[in-house]
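Each of the next two complexes has chain A plus one other chain: chain B in the first, chain C in the second.
Then we have the complex of A and B:
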């Protein structure tokens, strides 16, 4: 079919969004007929790097896999190494890990609401959600001293305590955030213009979701009851559980609702932990060398199940650290759900899985008559907004 | 289903193809499966709707041992069943699971480029993470990888 191709190269380095990635969509008129993806523009060889650093150094390394959800990486790694060493962090440390993890989920989900709204051309919601998100960023900074790589964890416990003043600050912050979240839930459920971009779009049935092995809010929005905090509780999620949030529709609207509704669970569990913060030490001793063994550590990150496999070999360095982030299985679903949709819906479908984050720095559109054209993310976003205008 | 019931069900489903099995820690069962039995064993779990494939881990046992292990981790609630498939480093091949689990393609692309394990029959063998100009036959997560292998070849 292809006759002559011409390519308009734009990128790879250009500042559309924060992280790079490459998608190709084949289109027939306006309808997407095939999609493929190429990642790795920010692959830094961290799994290899972790094999040549001791466990303490490797924790700092894995915490830098992601700027949005640094805490879950460090927590998954620490829990794994602690299991291998046969030690357990003190209850107070586990409570603080869980509080920071839920605060991280709040900031991550609010960041996503803003970016997804921006993709839809709804910049007012983007501005509001990012303004409100500052509240939770300030709380994280108040506890750990840092806004992004909080570095709350240490092997065997945590570095930071939560005192009475911080408890007051967190409770006040949560009250504000909860009120704002009620407003967001109203917007994503009732705003007629916004629903035109989300309702019935990017539908993934429960069967498809299970077949594709998607995780996190993306799975739960298709009715799959899958949440590691509930299925395989870690930290204090057994004593201070969250309720499972599922939606049945499987479209973008459902993905919005799941994430927004989850925020209320985060607020509730943080309050419960603060009201019952266990007393005691923040750290426990952990041996430097660890006997040969293997372990698996799974965490519910904001985007879904984060999987760590760690093998020790008797030294102070890991033999192997395998990291499977939630975006990988979720990204596979985009390639499938994109087919049959309007090209104008692609920005929202991609944003709908909350890729870590909008992993696209350019788009290539292949026209069926063989003509080939590259678009930037910004061009595609604008195209989607114009299409629905 | 409780974690124990999950693991017991899986152990029974996989009995035909299990060469060895072990319980490395609570909630986990590892079973050694021959490469030629991989598709049958994975189908048995999937047909019974037993959980989902959560990750594939490549593991290089080193040039002295001469083998690579491919670990297929299936999760059902808190239970994890791991298939351990052992292949020679010099001729590392496993059948692709794409006929059983269509979304496995990404995991297999990562395994192929990082460890040089060929997933026979997988639809897309393009690089997923490594650069296009990465030299053939150089697998960064193998134990004998060294930066000298890249001299003047990739990322210049």
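Then we have the complex of A and C:
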């Protein structure tokens, strides 16, 4: 019995997970000695789907990759296709895209604060942050008409304008949110009992973070200065820059602080954009068929770097659309940081990277020498049965 | 006491049916208060009753690999332990149904029976979440039990009796919360640990180990455990109010004092994040036990000097 491993399975169905994923933690008493992760339960074949639809339809499709950061997917796709077609969205459209993107970051980070607090059994913070998050959801609904999949983008511009009344509503909403965010910063940096669950837990050093290639707030909490909005500005981030928020500690507390402090940057940028909203058209014409070319487009999603590779072939459909969502590089850090911690810390360490399973699930086949590349439908089906057994 | 009145006390009032309903009412009050503190609406007044009726009507699934007899018997023993404890405490501000010298110790151990059964129920199954939950339940029990006992012995020592009714009578004209504030705090926090309320809900932390030791329980067994929890909530609140808050001589005093304590408990539940099990044990043995012991020694010294 002493040599047998006691494995705690978390998932695919588990109260700690809002989406299916499978984690196995070998425990010695309460201490985790090894961890492994298995993903792919919600692979939806969106990349393939995007290749069989024209660009306009594909934009609609990629927006549904993630339910929380839907806007950044659409924006990354639009920016890529516009680059391929050689057009640029008018400045006002770019400003509105950026405003919606930052509002989305606010809603995503507030959602994360709630989820991570819930994992630590701190349900009051969960309820409060989700209540306050309704404010930003209402603002997004006011601008775009939708709470979740805003569909603010079209190829070559945006669908919705921001009028004077909406500016007032947004400013009032931001006022309230900023006050609440100050409270959250106070809670996550001063609540003694909560700090016992976050300080020094799940520490990832800067070296480790760079070796694992983590992105977004997870990397910035470990002191890695990595933010696409600053490293490779897109939209109007050159004219209205955000400040880089970095914490050195690399533990859960730092991840909380980075995300909460980023909210203040979002408020500031949105206010600056609203004060200097460029005049002009909302859309520009974009050709239906796009000459053969390929491009990449990178965007800072709430969770980190979102990467799109788009290849066109002269028709109105993409030859290849490749998406790399930020959860994919961050996922490896969970397995590394989990070892040596208590079982009770696992949900928080997992939530600490703000995982989004269905965004990152994809199928990859590594071709070895002599193996055939094309699979029949029957083989694929068999593979799926074996994989999920 | 005649057989008929004893039977009524056992089955209907104050033990038995009425205390089960009262337990559910207190559970509802607790849930509603926490919900309001968290800015939620909370359950309707009959929610715990509806939950338990539904569970009682459902099929009880007995998983493979368990000792069937134990699996069925443990919820019954747990509930009967809690119900027996009711008979020795002054619930609803009435005199205890039964009373003898030393019933304080018996009551405390009857209350522990529920925790004990929960732990055994978890250890009885093969479910890995249950096993971890059972380990945590029993670990937590061993950490809060001694300080809780010490905290309740303080009033006993002051009253010079081990009988709950005599201590309560003594406490009626001595507000012991003022004389023994440390003991009161330890008793209150100990009660939270006993009831596995947040922040001491590591044994049933849903984000880690689903439902802890009761993961495999469904239907009747789960309902009986829930009912036992509700009864234990009332008994615990009654004990602490009777011993520390100036006694519960009449129904009004009982409801005012226990509900006041419940508000405090609900506030603490919503204020605090969940402690890890190692932190719980550390808290109890590093602070709870030491504080309880200090209070106890001071009392003994005081009694020795005065007497």
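Assume the second predicted complex is superposed on the first by the 339 of 389 C-alpha atoms of A that agree within 3 Å, B and C clash if a C-alpha of one lies under 4 Å from a C-alpha of the other, contacts with A are read in each partner's own complex, and residues count from 1 in each chain.
By our rule, a residue touches a chain if its C-beta (ideal position, glycine included) is under 8 Å from a C-beta of that chain, and two chains touch if they have at least 3 such contacts.
Treat the numbers as computed from the prediction; the structure is a model and nothing was measured.
> Let me test your reading of the model: by the given contact rule, A:49 touches which partner, first (chain B), second (chain C), both or neither?
neither
> If you stack the two complexes on chain A, which partner ends up touching A:142: first (chain B), second (chain C), both, or neither?
In the superposition, A:142 contacts neither chain B nor chain C.
> Once the structures are superposed on A, label A:333 by its partner contacts, choosing first (chain B), second (chain C), both or neither.
First partner only, chain B.
> According to the stated criteria, A:91 is in contact with first (chain B), second (chain C), both, or neither; which is it?
A:91 contacts neither chain B nor chain C.
> Does the superposition put A:307 against chain B (first), chain C (second), both, or neither?
first
> Touch check for A:322: first (chain B), second (chain C), both, or neither?
first
> Taking the superposition on A as described, I'd like to know which of chain B and chain C A:232 touches: first, second, both or neither.
first
> Using the touch definition from the top, say if A:278 reaches chain B (first), chain C (second), both or neither.
neither
> Per the contact definition, I'd like the list of chain C residues that touch chain A in the complex.
Interface residues on chain C, with respect to chain A: 37-40, 128-129, 132, 135, 198-199, 201-202, 205-210, 270-279.
> Quick check on the complex: what are the chain A residues that touch chain B?
Residues in contact with chain B: 36, 38-40, 43, 45, 47-48, 83, 210-213, 231-232, 293-296, 298, 305, 307, 309, 311, 320, 322, 324, 328-329, 331-333, 336.
> How about chain A: which of its residues touch chain C in the complex?
6-9, 14-16, 27, 29-30, 117-125, 127-128, 131, 191, 193-194, 196-197, 342-347
> What part of chain B is in contact with chain A in the complex they form?
The touching residues are 24-25, 27-28, 49, 52-55, 57-59, 71, 73, 75, 77-78, 80, 82, 101-103, 105-107, 110, 124, 126-131, 140-141, 145.
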